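You will see subunit A twice below: alongside subunit B first, and alongside subunit C after that.
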Partner chain A sequence: MQITTAILRLLVFPGLFFAVPAAWFFLYVERKTIARMQQRIGPPVLQPFYDFVKLLGKESPRYHGIQGLLMKAWPALSVSVLLAALALIPVFPAKGGFSGDLILLITLLELPSIFYMLAGFTSRSVYGKVGSMREASLSLSSNLLFLTAVMMIAVTADTFQLSELAAPSASAARWLGLAAIILCIPAKLRLNPFSTSSAEQEIYSGPLTEYSGADLALWELAHGLEWLALSGFVVSLSFPRTGFRLADAGIFAFLCIAMVVVLATIAAATARLTIDRSVRFYWRWSVALAVVFLMSAVLFRR
Partner chain B sequence: MKLLEKLLNHCRQKSPWLFHMNSGSCNGCDIELVASIAPRYDVEQLGIHLEGSPRHADILCITGPVTFNTLNAVKTVYGQVPHPKAVVALGSCAASCNAFAGSPTVVGPLHRHIPVDVYVPGCPPRPDAIIEGIAKAAELLSHPERKPLTDEDVKDIPECGGHCVVSAVEPTVEGETPCR
Partner chain C sequence: MKSIVQLLIQNVREGSITLPYPERPAIQSHYRGMVQNAPEECTGCGLCAYVCTSSAITVQRAADGFRWSYDPGQCTFCARCVQRCPKKSLSMEDTRPPVYQHLGALKQSHDVKKKKKPAVVAPIPQAVEAN
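Up next is the complex of A and B:
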């Protein structure tokens, strides 16, 4: 990949200029879907944008020293890491140069969750600490399934290169792996039924309880970008390319939005599980599935 | 700069986030507030959102006559809401202490302790009155200099409900009517 292509990817598509409005639109689709499920009309299209601008114009409490620095750093880091992850997503597979690989992408997708946890501990709020601990245990339990699924996809395709993984070579192992990744996404996005880490009725907003103003706006944006990155990751590994860039981009966007609608519908239809139940859910499924995945990784290995 | 400020003020009106606080209310107004946030009235159309933390809120909704025990909490929570903010006093208790007036444990009404912008009278107020009050408070968010309500403003508030009483703002543009 040329340096210009890399910069275009980071700044234009699927980077900054595309990603930020798309993230707002995904947040809107999430809220609208939940509203329709509750037989409401729901928010206007620009609602996430209104929230973002309003939060930018709000006062933020001042924290001194290293705490103040870190409180500002975590949301900014989350947004930048997610933008980098989005730039790596192989919507149009391109060969040569630095196109990143699966391990880098998975790392970038995993970092925001760690920043979210650290934000809770940095804020020194009791609710933040409880939320961070819940997020940590949920992330540990959902990641076994997530990582073995990713491993199986990579091993059966015999490559970690994203450009080669995105090529249409859909096998049974690929579909099984993607289904397992979709099963993990509600935990990664902190959606119902796995929304314990930001359970409003118990621990206010969890790790974000002490945040306000521009920092909170960045967290909201990071949440939208997480939606975009995770659904984009799954979709880019699953859909066959037509060869026409515009058609590919259209199919990609449509499938991503469809995924948001499905996940938001599940979120609206379920109630929050307690933390021990959600952890148990993932361990119960993940141990059995992880064995299946590792076996199929060996069996289907090329 | 003017355009940016206009955009910011527009966004403030479009996305009021609430924090709900009970200062010794009988729970009647709290039930009505929760009813007005529930799907039936769909306040998300106005961008209204009930938040768990006062740090995220724009509008502080306070119910109850302010008892001695809750006074410090009311003041702390008011301080925790970042600027720009507005205060909505729900129910007749917050306006006049209602049936609790004269009690030795009641130190209300609310406006003697924190500046109040909108009163929603009623015992309890109906959900549509509450939503109207919140919408008026959202308009006030873009007017940082406004006159908080005083004893004089609330003395005629009927206990059985009526129109919201909103604090006065100076007209910002020539010819524009103030919110009152």
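Up next is the complex of A and C:
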């Protein structure tokens, strides 16, 4: 990837200028879908933007020393790594990439979850620590499935380069792997029924309990960017390209929004599971599916 | 699983039940609106103020009567005052309180003069003649 292409991807498309409004739009779609399922009107389309601006004007609690620095660093780092992750998503595969960028993308997608955990521990809040521990348990249990699915997709296609993975040669193993990744997305996005780490009614939003103002606004933005990155990752590896850039972008956006609607519907239809049930769910599926994935990776390897 | 899917489909199909202002949903029977007091019935006993847990009703005594005050902004519409009123002078409206913008806008009070006690004339028992 050339340096200019990289910068354009990071700042213009699908980076900062595109991703931030798109993240707000995805947050709107999530909230609107849940509202419609609950027979409410739901927020207007610009509500996530209004929330962001309003939070920017609010005062943040002041922490001194290293704690204050870290409390500000975690949301900013989350937004940064997600923007970097978005820059790697192969919406238009011909536009470059480098060998092994899949590994970098998976790493960047994993970091916000770690920052979220660290934010809870840094805040020294009891609720934050409980939320962080829950996030750690859930992340460990869902990641076995997530990572084996990604590994199977990469090994069956015999490449760790995203632009080659996005080429239209989807196999049965690819679809199975993508289905497993979709199964992990609610845990990664802390959606119902796996929202134990950010349980509002039990532990006051967990690691974000002590956050307010601009830092909380950045966390909200990071959540929208996570939506965009995870749905974009799955869709970019699954949809057939037409060859026309505008049509491809349209199909990509439509499928991403459809995924948000489906996952938000599942979130509206389910109640929050306890942490031990959530972990048990993923381990039960993980062990069985991980074996299947590893066998598929060996059998269908090119 | 089936029932929740059916419920979601029904919710989406029926649309939002939120009514835009100033539309409001229909009132149910036995609706508890604002407390009304009939000053001509009220004796100023203060039982309503005594049972009012949110201190929405106050009764201030004066030399020539009392002042009964009610603040709907503090009222929880529990209806304990209505139940406890010995003269049944309190009742609750069957309409919603109006929308107001300033604190205490719906506050109301009645000045009631002390009622004179009717003169009690004890009947004089008739003398019973002894045989």
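Here, the second predicted complex is superposed on the first by the 296 of 302 C-alpha atoms of A that agree within 3 Å, B and C clash if a C-alpha of one lies under 4 Å from a C-alpha of the other, contacts with A are read in each partner's own complex, and residues count from 1 in each chain.
In this section, contacts are C-beta pairs under 8 Å (C-beta built on N, C-alpha and C of every residue); 3 or more make two chains touch, one makes a residue touch a chain.
All values derive from a computational prediction rather than experimental measurement.
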| item | value |
| --- | --- |
| Clash-or-fit label for the pair subunit B, subunit C on subunit A | clash |
| Touched partner set for A:Glu59, first subunit B, second subunit C, both or neither | first |
| First, second, both or neither for A:Thr265, with subunit B first and subunit C second | second |
| Subunit B versus subunit C as contact partner of A:Ile41, first or second or both or neither | both |
| Touched partner set for A:Asp276, first subunit B, second subunit C, both or neither | neither |
| Partner chain in contact with A:Asp158 - subunit B first, subunit C second, else both or neither | neither |
| Greater residue coverage of subunit A in the superposed arrangement, subunit B or subunit C | B |
| Overlapping contact positions on subunit A, where the subunit C interface meets the subunit B interface | 35, 38-42 |
| Complex contact set, residues of subunit B against subunit A | 7-8, 10-12, 14-15, 39, 42, 44-45, 47, 51-53, 55-56, 58, 82-84 |
| Of all residues in subunit A, those that touch subunit B in their complex | 31, 35, 38-44, 46-47, 49-51, 53-54, 56-61, 127, 200-201, 203-205, 208-213, 216 |
| Subunit A - residues contacting subunit C, complex | 35-42, 265, 268-270 |
| List of subunit C residues in touch with subunit A within their complex | 4-5, 8, 11-12, 14-18 |
